[in-house]
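Chains: A, B and C, in written order; residue numbering restarts at 1 for each.
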Amino acid sequence: MKSYKKELYFNTKKRYDLVHITPEVNRALKESGIKEGLCLVNAMHITASVFINDNEPGLHKDYLEWLEKLAPYSRHGYKHNVGEDNGDAHLKRQIMGREVVIAITEGKLDLGPWEEVFYGEFDGQRRKRVMIKIIGE
Amino acid sequence: MKSYKKELYFNTKKRYDLVHITPEVNRALKESGIKEGLCLVNAMHITASVFINDNEPGLHKDYLEWLEKLAPYSRHGYKHNVGEDNGDAHLKRQIMGREVVIAITEGKLDLGPWEEVFYGEFDGQRRKRVMIKIIGE
Amino acid sequence: MKSYKKELYFNTKKRYDLVHITPEVNRALKESGIKEGLCLVNAMHITASVFINDNEPGLHKDYLEWLEKLAPYSRHGYKHNVGEDNGDAHLKRQIMGREVVIAITEGKLDLGPWEEVFYGEFDGQRRKRVMIKIIGE
């Protein structure tokens, strides 16, 4: 069994942002040399997500507006916000998820026709990390 | 390390539907011959889910009603809906999740007493796919 | 490839509770002897979650209040509640997720600086289980 690890770094200009990372995950897979296995991609921070959906800007606006409805920003409205104001980001990240696991088949990410991998940032403007871990043969 | 891949196909009669697929996942596991490992089951489309919960029709109605409240269908209400009307399905799928990872122990899906695997369709009436990828020994 | 399985047991005093389980997952990893691989941690019950977030009591209160807003308890309001009253727990668990998959690198859980693993109980006061399954080398 082989394993390969790579970290990606982000420092988004906006507090809330969705960043397309399929090319980076593909690059890590090529570096790994793994042909059959599983690829885990996860946020290493608890106010961020990794998720799979459509690379379509209208949808991304829908996601951010919808998350703001389900888990609105509030300076003083969360018990978590003692000295912080990112309570909403911890909730938003649970909706969008921490991680994805992707099948690797014949040396490729085995994704459906419209599946693309994204980093979801809900408390940005600081340096944050994503883990890629690939195991297989 | 062994690996095994199988795809399932769906074309639901209803736009929104939840389909029990534990038997198909069990069948794939038997075909794989794998006794210890991990089994990934994921939707390959971004308006659908794979999730684990109870095989109980009342609960399934609750899920669909609840998702409609959290992420209602709207013909023109989403920015994604230019030429499409499935914006809600992309949101619903994030609540229910894209994938599950199931432990394989002694040749069986290592599920709890009430755990069953489902395909969640939120934009059906067309041909769609689910991936099963099993790795182990 | 090596694999290791361990189950954790819970019987929370409260109906709704979030329990820190990183130490138990670390212990299982040491017992496994696995240095590189993947670690699956999942609830084996369909009214409970395993998730990763911050070990901060204010945030945990925020989570439980927020989940109650998105999926409120109701004795008779869910179709699932024929002879049961835990319909809300099945919904809450979908928001928080069933499982996490954690990278293992150099014999350690490869977690970000604030990532901690939790068991989320939404229908407690009874005996329930969590699965830890580790594969790798």
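Simple rule for what comes next: a residue touches a chain if its C-beta (ideal position, glycine included) is under 8 Å from a C-beta of that chain, and two chains touch if they have at least 3 such contacts.
Please read all numbers here as calculations on a predicted model, not as lab measurements.
Undergrad: What is the shape of the graph in which nodes denote protein chains and edges denote touching chain pairs (line, ring, star, complete, other)?
TA: Per interface graph, the chains form a complete graph.
Undergrad: Where subunit A and subunit C touch, do the two copies share over half of their residue numbers, giving same, or under half, giving different?
TA: Different: when the shared numbers are divided by all numbers used, the fraction is under half.
Undergrad: Which rotation angle, from 0 to 180°, best lines up the CA atoms of subunit A with subunit B, given as a multiple of 5?
TA: My answer is 120 degrees for the C-alpha fit.
Undergrad: If you average the CA atoms of subunit A and of subunit C, how far apart do the two points sit, in angstrom?
TA: Averaging C-alpha atoms per chain gives centres 20 Å apart.
Undergrad: Return the residues of subunit C touching two or more other chains; collapse runs of consecutive numbers into ranges.
TA: Residue numbers touching two or more other chains: 1, 38, 70, 95, 97, 101, 135.
Undergrad: What part of subunit A is in contact with subunit B in the complex they form?
TA: 1, 36-38, 51-54, 56-59, 61-63, 66, 70, 95-97, 100-103, 105, 110-115, 135-137
Undergrad: Under the touch definition given earlier, write down the residues of subunit A that touch subunit C in their complex.
TA: 1, 3, 5, 38, 40, 42-46, 70-71, 78-82, 87, 90-91, 93-95, 97-99, 101, 129, 131, 133, 135
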